[in-house]
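To keep things simple, chains are lettered A, B, C, D, E and F as they appear, and every chain counts its residues starting from 1.
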């Protein structure tokens, strides 16, 4: 197989050496056409696959959501029950009185703040209580995402 | 000396080359016995030494504690007096009005929060005042230690 | 030119090989005099240049300050107007109700706090509101600068 | 007397070894010009806010490298030369002597190893992946097409450079500027450029970051010229929400498809998607935080200052630098135009459901290009929120550039 | 016409160099299987929460390394080969050509240097030391015995592997999985394994981290089987407080004793104790913070993805992989059992003052194994707090594994 | 029986390879003394707070390197030796074989590469620059003179060391201790010292950091002895505010002038000023934060522990170590005195406007030396705030030391 590949490579030899300057018109055009085609082919394959699993998941998601909700509730109940007897990780906010979080603030945000506080308390054996988190009127998520990237990602 | 060692090494040559596959029963058993013995010998030496200095320190600690307490009090008094005239580092909370810290919260935690705040203020020439820190009911230190490790150390 | 330099280097050859031990009195004295002179020459050149541009800027700064103030005010007004329609980055505090900041607290400090809070909120699409920042009575900037360095820079 | 002689000798020697003397050596005046150019870029970075995170380190590296006799960077160490390899019995004509670099290299040579060993750009992509939300792209996969189209700028610029009779390595390196992606440009150019090339990695990076900073100036006129008022006024609906599982599968799928199609794109795409998978997993937050921040910052400092160090006076002060800057802006503009034109086509095909303005975001330059789409769209319909829709082509453009980079690396070698 | 020919040639060439073509090459199907296995481990890491910080990078490295033609990792560069060293006049049969790696290595080769140069595992131990509180061990030094006993699993597994006719390097590498300590396993296996070995560093690491994640499933049945209800019901008193000075002397003492006894354990134990000394000193907080977080995270990313890259299809898709996984779980179980049995002995000798359940924590797997002791103990006496007592053997197990690693490295070489 | 024999053999072998056996080898007793000395420095660092961030890592490196047979650091790998270079046809008498170090080096050898490749000290200077406010120096440029004068200690100590018949490399390395600047000392000594030298990088660093910690004890008596009560009572006015633009131009200007005058100072001064430019730019905060913290901490850990590792028993347990410590304190005291004397001169020239106490701050040792000036000044006039005025000479001292280092490197080579 590899012999075959080598032979082919010899035959075709369409690689361009980096220091070559007088590129023929065919070579140039071929680079352009190949390049654009390959980029399109690659991304079209991705479109097909992403669309495909997007559709599959749309169906799954709907039923999964319902399930997940039920499960989460059950788990929360179980956890609350187990809280007295079970070993708990320090930054697990579940066992502390739930902070008063304004509607619409994602749990991750609260967790992030809890994490930051817990890290400060690390090793102290104390646990901080988050009393409440307020958010300003939420803007559309994409704005803030772009804003964050603008500040963090001009690479 | 090193000649002697070399000679011995030749004589004994109990190293096993990594690629050797047909290990004799003696070799295998010898590895097991040596391995277990050496691990035990090493850790038993540590037990002896740690116990030993543990006992020595138990005595020292008691008298040291008393001394340290007296010294700390004296120092605190001296510091308070010197505070007006002496050069103070920005994040030194001593010169700022002492934040209202709940009993049982270690000073390091407060220092950590002060540090974080001070870092934000770095270069501004301003000094934040920490108004107060509250901790949830402290759990037993080992729980939270395990909790912290669980989140930080599964390597 | 490089030939010339090489010839000179040969002629002079005042480099001292690192392992040379019996350094002659002239060599030693020459090292001392050269060393001190070069350090002084270098730093005196810097004195001249820094003083020079210091004086130039003192003039410029005064007029610039006035201009900058006027411009900043104009910009702030323009921004406030554009705020409803323009895309805004999440951590841009301009569009949120301005936090009540005590006089004399640099804007950077407020920005730093906003930045820290925004980072926590990253990806959540929410925006924190900074209600207010208070600083303790500012001490002279050099104290805190020295204090910070003392904690951060004994290298 | 002997002391005075000795003192004088030492002083003369120091003077001769000084950088001032270097200015009077052959071509020393070029260093002065380069230092002045570095000041211009410092001003652009600090005074005008042109991508300061990269342009400031690059311009300082440019200053350091052009200080005569400071020997912080040795271009001759990085020239490929020929070596007969006894074991293999063949001549290796891409030999770099790392033993020599470790022994005699200056600070910037040592740090530049991370560029030449091709580790800095993929690690920056790791951090970018850890910061990127591919949700808008997953919700609207056809955005990939716009991300692909905008890479047209890359390939058409290849033609332009070839027509100017530049070497294949130069053509590819200049063309990739059209990808509007710094790490990708550095990745490609540091692999292709040789001592015979007209460009250096630094000039390519300078051009790329300069034009990325100029996106708000370059793109809007092209966007207004190529679209009609009616097209720009299209209001697009909301994107569907994307589930966590879809976001988890996406990076794996993209790695698989792209790395299998174009193996030379694997390091960039692989690391981008690795970072994204870490982020979306939700269970590796400490790794994600470090990849986004400290690791990325350390590498940005090293990358910037060493890439700047490659801007040798000889490379920059020549007609070729002008060609790079000229072709760079052509590449950028063509990329914008290609994205817009495909956007127009999609406008027609979807019977007016797609606003062609989101096409220009396909050049990458995340997130600025997407914000430009938003802004130009709002000029027509103030309540039109195109940003979310433009983020799809925008992140698709990052993937597209990496693929295009892989293609160029596969063809030119 | 010529253009079409040229286009077709280029396209054919790209297709032949693509990873898809690689799947049809000799043994290409193995890569497909490996990629599928990598998906399984990704699922375990993300979906089931199996040590995701390590298993996710490892599994992604596994994916990248098995993409044909991506050339991100070259196993052949890391095979020892023979070189006649003219200076010494001897043959070096462990020669690795670093010049070649720097010249031709892929991204994962370059990052893997940190594994092969033996710097990642000690630096992770630095971070672990900076996070560990040895207080419970100092308060109750006899815990060391349990930490020693649990290493029995390592040595008994050596027998098992030898009986299966594996090479000495394989035996030692598999056995060390019983130490339940990832960096130690990687440290030992990356030093011992050669091209003739059946395992790779990656498979050893995969097994170690998988079983560490399975501790809550593997240990409890063994614990219940080997102890009586009466033994499990022992309530242990409070540990004495430990003074700062004791905590300061401890790391120095352990370094001294262990590194003098088993010099090959010095890098691991030395760095573990260096980190701990920094922490306990109380005056190096900024260094401690970085060692615990950023340094550790950076190295974890690099370590995980490169260790994953060593899982070559040839190494993994064979009977030997099954052996590794089988012997790994045996090693783990034996370690647990040995710890428990010594716990039982101590129960007898102390006339019922020691709860044997804390013995199983001696395998290390900090802090999960100690929490399992706690949990199983609470099944009998809900108010019994064994955790603090189990932390002693638990951290002793880390030291014990490092010592055992040193012994194996000293014997097999 | 064979098993017992085999067990005994293995045990004997392990015993012979142990560090305990090493203590009985030739010169093994020296290692014991070195380990005891490392304990002394650990005590100074932790117990007495002597520059713990550096002295604790250094002393732990000292412990690790003196554990016999641990092989974590190999001094012989770092000795320059001669190699005939075929390509050049010349003998390279400063040859270090990096291939050998990568193949056979221990953990500390690998980390020490960062010292020998001269990258750790400049990167620490990057962080220092990112933390330093040159405002007081810009407001009062004549402070540069005091920063220059205090470097007199360096050159006068050179005389002392030469009189004691030390080699040129030793003289320069010891002299630079007078600069009161750790990274600069390490930078100079790691370049100059050879295997024939009496000192090691570690002993130079130990002396430098010890005396930096002793600044509050060494300086005040000298300050009181050399100044009159009247001089010490001078109250200095407020410094003018410095504009942002001045702060931005300063680092560029200093880089340009110093690197052109003394190219060998370019890496240190260049990185110091690069860090400062990043800071003053105000638009690279994420890079500044990383340069100040994580990057600096990582390098501090590596630098400390590896520099400590160079303290070989042979180098330290000799009369020469005493000479280093003695000459080190002489260098420090002379530097302080030179600064003060120029301060007195400026007091006269300005007719009593300058308090000569700020002259002693010129040794660098930022910010402790400036605080000592403040403190000694307040002994006379409790409301006198000299700190701001002393910060000028203090940061000028950093630049001055780097220049002096460049001069020494240019002369001795």
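What we mean here is this: a contact is a pair of C-beta atoms (placed from the backbone, for glycine too) under 8 Å apart; a residue touches a chain by one contact, two chains touch by 3 or more.
Bear in mind that the values here come from a model prediction, so they are computed numbers and not experimental data.
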Separation of chain F from chain C in steps, with touching chains one step apart: 1
Chain at maximum distance from chain E, centres defined as averaged CA atoms: C
Taking each chain's C-alpha mean as its centre, the one farthest from chain F: A
Same vs different contact residues, chain D with chain F, by half of numbers used: different
CA centroid of chain C to CA centroid of chain E, Å: 45
For chain A paired with chain C, centre-to-centre distance based on mean C-alpha positions, whole Å: 36
Euclidean distance of C-alpha centroids - chain A vs chain D, Å: 23
Multi-partner residues of chain A (at least 2 other chains): 14-15, 29, 31, 34, 38, 87, 123, 140-141, 143, 145-146, 148, 150, 152
Numbers and ranges of chain E residues touching at least 2 other chains: 10, 13-14, 53, 98-99, 133, 261-262, 286, 294, 300, 371, 387, 407, 411
Residue numbers on chain B that touch chain E, as the complex places them: 14-23, 28-29, 31-32, 34-36, 38-47, 49-51, 53-54, 57-58, 60-61, 64, 140, 142-143, 145-146, 148-150, 152-155
In the complex, chain E residues that touch chain A: 2-3, 5-7, 9-14, 16, 21, 24-26, 133, 371, 374-375, 378, 382, 387
Chain F partner contacts - residues on chain D that touch it in the complex: 10, 13-14, 17-20, 35, 39, 42, 45-46, 49, 52-53, 56-57, 60, 63-64, 67-72, 98-99, 102-103, 105-107, 110-111, 293-294, 297-298, 300-301, 305
Of chain E, residues touching chain B in the complex: 51, 53-54, 124, 127-128, 131-133, 136-139, 141-142, 144-145, 147-148, 151-152, 154-156, 158-159, 162-163, 165-169, 171, 182-183, 192-194, 196-197, 212, 240, 243, 245-246, 249-250, 253-254, 257-258, 261-262, 292, 296, 300, 366-368, 370-371, 385, 387-388, 391, 396, 399-400, 403-404, 407-408, 411-413
Contacting residues of chain D [partner chain E, same complex]: 92, 94-99, 113, 117-119, 122, 126, 248, 252, 255-256, 259-263, 266-267, 270-271, 274, 277-278, 281-284, 286-287, 289-291, 294-295, 407, 410-411
